[in-house]
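Both complexes below contain subunit A, partnered by subunit B and then by subunit C.
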Partner chain A sequence: MLTGYPRDNGKWGVRNHVLVLPARAAANRAAELVAQYLPAVVAVAHEWENLPGDPDAGVITRTLAGFGANPNVGAVLLITVDSRDEQLAHELSARGQRVSVVAMSEHGGTVSTAEAARAVASELVMAAAASREPMPISALVVGLECGGSDGWSGITANPALGIASDRLVAEGASTILGEVPELVGAERFLAARAVTPEIGQEIVELINAFEHAVKGLGIDIRGAQPTPGNIAGGLTTIEEKSLGAARKAGTAAISGTLEYAGSPRGTGLYIMDTPGHDIEQMVGFVAGGCQLVAFTTGRGTPTGSPIAPCVKISTNSAVFGNMPGDIDIDAGGIAIGTETLTSVGESIYNALIAAASGVLTCSEVHGHREFAVRRVQ
Partner chain B sequence: MASEPGAGGRRRVIAVDPADNVLVALMDLAPGETVEYAQTVVVIVDEILAGHKVALRQIGCGEPVLKYGEVIGLATCSIPRGCHVHVHNVASARLPGPQAG
Partner chain C sequence: MAIAPFQPEGYERPNGRVGIRNHMLVLPSVVCATRVARDIAAATDALAITHQHGCLHVGDDLRHARDSLEGVGLNPNIGAVLLVGLGCETIAGESLAQAISSRRVNVDYVGIQRAGGTTAAIARGREIVEARLAELHREASGIFEPGRLLVGLDRSDDELVEPLVREMELRGAAVAVVDGARGGAAHLRLAALGAQLIVSLCGGHEAPLGFAGCPVVAVARDRETYTMLRDDFDLGAYGLPVGEQAALVADRVGDVCRGRLTASERRGSVDFVLDRLSVTM
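Let's turn to the complex of A and B:
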């Protein structure tokens, strides 16, 4: 049975973290000191300096606010530097998150700020304490990610994840596909499934915009797409990689497109404008409201999220065996006939429901808390 | 997906979609081996590593290479049946990849 934590804004968390969020890079160390003192909280660090006139301020504020307001977070302790960071506190409150602010400008430096913040953080931990309750599946939002693709990705793990995604969507949950650079060549396949012709056109435009940006800037992606590792694994072109990557999203109708870190307005399958970079992509999904991420990998990665469980699925049994404790499910048996797409798809679905309901994933057990904010400009 | 069992009963190749003109090797294949798909016997010409593609039919220069029932690139030379299909004889129709240089 799916369980989670009901939130005042109507959303449901699958974890109940207290997040210590530095509004700028200058507050990173104070946030880290709070988390060192209080194991019950989780802190992140990032390199944004919030300089006046930064053209990325909008997207980064949206990312940090969305991440802090993710329903897996029961309360946020925001460490600001000065009044320039107040916008982020307003954004968090506007999204219905419980937020307390400790400003470095009032406490004078990292040590005294961290001391003041510790007391506030421990109050927040107690205020946010909650019990799990039966959770409606319609409240679940799952990110669909892949990293380190190989020739097996599009044959084993990705279509098996697609089966799990289709079942989640059929039951009323939401899933989000990202990684626009790795959808070039798959737009016809995806656009044909849009719920309206307008959304189909949005999908084509999203992918074309990336392709034109690459061509317009004269960026040479030789050696980048497909990567040398992809090519060694048998992938020949970006189209082949994309068509395999798109299999993660199964065959469900596509309800809409989302900007980076944007939240779905309804339920169903969405496509988010994320880069291919594994960590920026996962942060974008979580900032958009995903409480859970399913991550397929051919070459192996231990990546996780500070606040969301990440279920890792290997495309081949060799990488599963080579990374004991890092990968939750092996889809490699599909290629050799010991498993089927249906059987692995069911295993993935069951693992996602179990992880949402409290079972720790490999990335959580080992403390993977990778975090990065995307810069566009 | 469709496949034919090998001598040991284990599948050696699959076509991801019935419209495809390439097969994916599920295990390493050596020159001279034969595999069968949809009544077509393919004599393997090149060494094909597991996860790599082999031509199910002759693919003419400039013709689309089909996998997943979709175009994954264009043949840059004529590719006979049984040959390895990869960056040395296929180019992206969309973005310049490693094979463009």
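Let's turn to the complex of A and C:
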């Protein structure tokens, strides 16, 4: 049975973290020191300095606020430098998140800030304490991701994940497909599945805008997409990678497109404007409200999110065996006939529900908490 | 009265450079390897950098990111580097390790995929780091001539810059002044350029950053900024004639290049900020 934590704003979390969020890079060390001795809280670090005139201030603030307001977070401890960082506290409150602010300027530096913040964090842990309750599946939002793809991705793990995604959507949950650079070549096929012609047009425009931006840079993306690892894994072109990547989203109708870190307004399958970079993408998904990520990998990647369980699915059994403890499910049996797309699809669905309901994923066990914020300028 | 030259104390490197610190650096080539890098460093005396990059860069941005990571590994304060890669990233850890090694810096490499996942990569990394650290701890430091010291200044638009450059040069050091980058990105450029020490000038409520392996002397340029974050600054430089301010900063630089820890080193700040030249693919 799916269980989670009901939130005051009507959303449901599948974890109940207290997040220590530095408002800018100069607060990273204080945030890290707070979390160092408090296992019940999790800190992230990022590279944004909030320098005056940064053209990315809007998207970064939206991402950090969305991440902190994710329903997997019961409370946020925001470490600011001074009042210039208060915008982020307002954004978190506006999204219905419980937030306490500790300003470094009021404590004379990093170490004394961390000491003061530790007491606040302990209070937040108590204030955010909650028990799991039966959760409606319509409240679940799952990110669909692939990283380190190989020639098997489009044959085994991705279509099996597509089956799980279709079932989630049919039951009323939401899933989000991203990785726009890896949808190049699949735009017509995806647009034909949009719930309205207008949304179909939005999908085509989203993918075209990326291709346009790349042409504007006057560069060839072939050094980056497919990556050297993809090529070693048997992928030859970005089109081949894309058609395989798109299969993660099954066959369901597409309800809409989302900006980076944007939240779906309804339920169903959405496409988010994210880069192919695994961590920038996962942070965008989580900032947009995904409580859970399903992540297929051909080359083998151990990464996870600081606040969201990430169910890792290998496309081949060799990588599953080679990285013990890093990958949750092996879809490699499909290639040798010991499993079918349907059977692995069901395993993925079951693992997602179990992870949401409290079973720790491999990346959580290892403490993988990678974090990266997309820049657009 | 003649000004006494700096008397920096440090470590001779096989490539002819000298460091004023003797760190082992665990450097992830890609964000996906940061957890493994941090866990290795946390179990040892090594420093680890955490960053968000290494995959799906293109063009000038790819060159800049790669050169920056390489430059950090080549900084003379670093006695040995453990490069940690995943195995499928754009900035391949193994080729980065080779590039650093070709400049006669001690480098080892662990790839997470090839090592057999997170647990195996951490275990392998710890073995390597412990062996390298034992070698580093056996190295003796010595006094070197001040002309081999490169001091980095993180901004060019401050009235203190000119007297400070003059003061450093009078004491025998070379100076690099960053133009066109600010904050953490300026520190990264200086460290990659080979500066053994960075002087950071902070005014108008700017909070100081640290840098992995490279001591940052944080100088508050006004009373309010200094008062606000007194513990995170090494000194305040304001209210006096600029020549005297420059002498105060230079005195502190002299102490730090003889082993005195900076505020950033004491609090353990190893900030890393890369300025991106184009979007991630």
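Following the convention adopted for this analysis, the second predicted complex is superposed on the first by the 377 of 377 C-alpha atoms of A that agree within 3 Å, B and C clash if a C-alpha of one lies under 4 Å from a C-alpha of the other, contacts with A are read in each partner's own complex, and residues count from 1 in each chain.
Here is the rule we use: a residue touches a chain if its C-beta (ideal position, glycine included) is under 8 Å from a C-beta of that chain, and two chains touch if they have at least 3 such contacts.
Note that the structure is predicted; figures quoted are calculated from it, not measured.
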Touching partner for A:86 - first (subunit B), second (subunit C), both, neither: neither
Which of subunit B and subunit C A:217 touches, first, second, both or neither: second
Contacts of A:205 with subunit B and subunit C, given as first, second, both or neither: neither
Partner chain in contact with A:276 - subunit B first, subunit C second, else both or neither: second
Which of subunit B and subunit C A:54 touches, first, second, both or neither: neither
Subunit B or subunit C, by number of subunit A residues touched: C
Which of subunit B and subunit C A:26 touches, first, second, both or neither: second
Touched partner set for A:233, first subunit B, second subunit C, both or neither: both
Contacts of A:303 with subunit B and subunit C, given as first, second, both or neither: second
Which superposed partner A:123 touches (first subunit B, second subunit C, both, neither): neither
Shared subunit A contacts, counted only where both subunit B and subunit C touch the same residue: 214, 220-221, 223, 225, 228, 233
Subunit C contact footprint on subunit A (complex, rising order): 24-29, 33, 45-47, 49, 51, 81-82, 84, 104-105, 108-112, 147-148, 181, 213-214, 217-221, 223-225, 227-230, 232-233, 275-280, 299-303, 319, 322-326, 366-376
Subunit A partner contacts - residues on subunit B that touch it in the complex: 1, 10-11, 14, 16, 24, 26, 49-53, 65, 67-68, 70-73, 85-87, 90-101
Parts of subunit C lying in touch with subunit A, wherever the complex brings them together: 31-32, 34-36, 39, 50-53, 55-59, 62, 86-90, 92, 112-113, 116-119, 182-184, 205, 207-210, 227-232, 263, 267-269, 271-274, 276, 278-281
Footprint of subunit B on subunit A - complex, ascending: 150-152, 154-155, 184-186, 188-189, 211, 214-215, 220-223, 225-226, 228, 231, 233-234, 236-240, 243-244, 247, 316, 335-337, 341
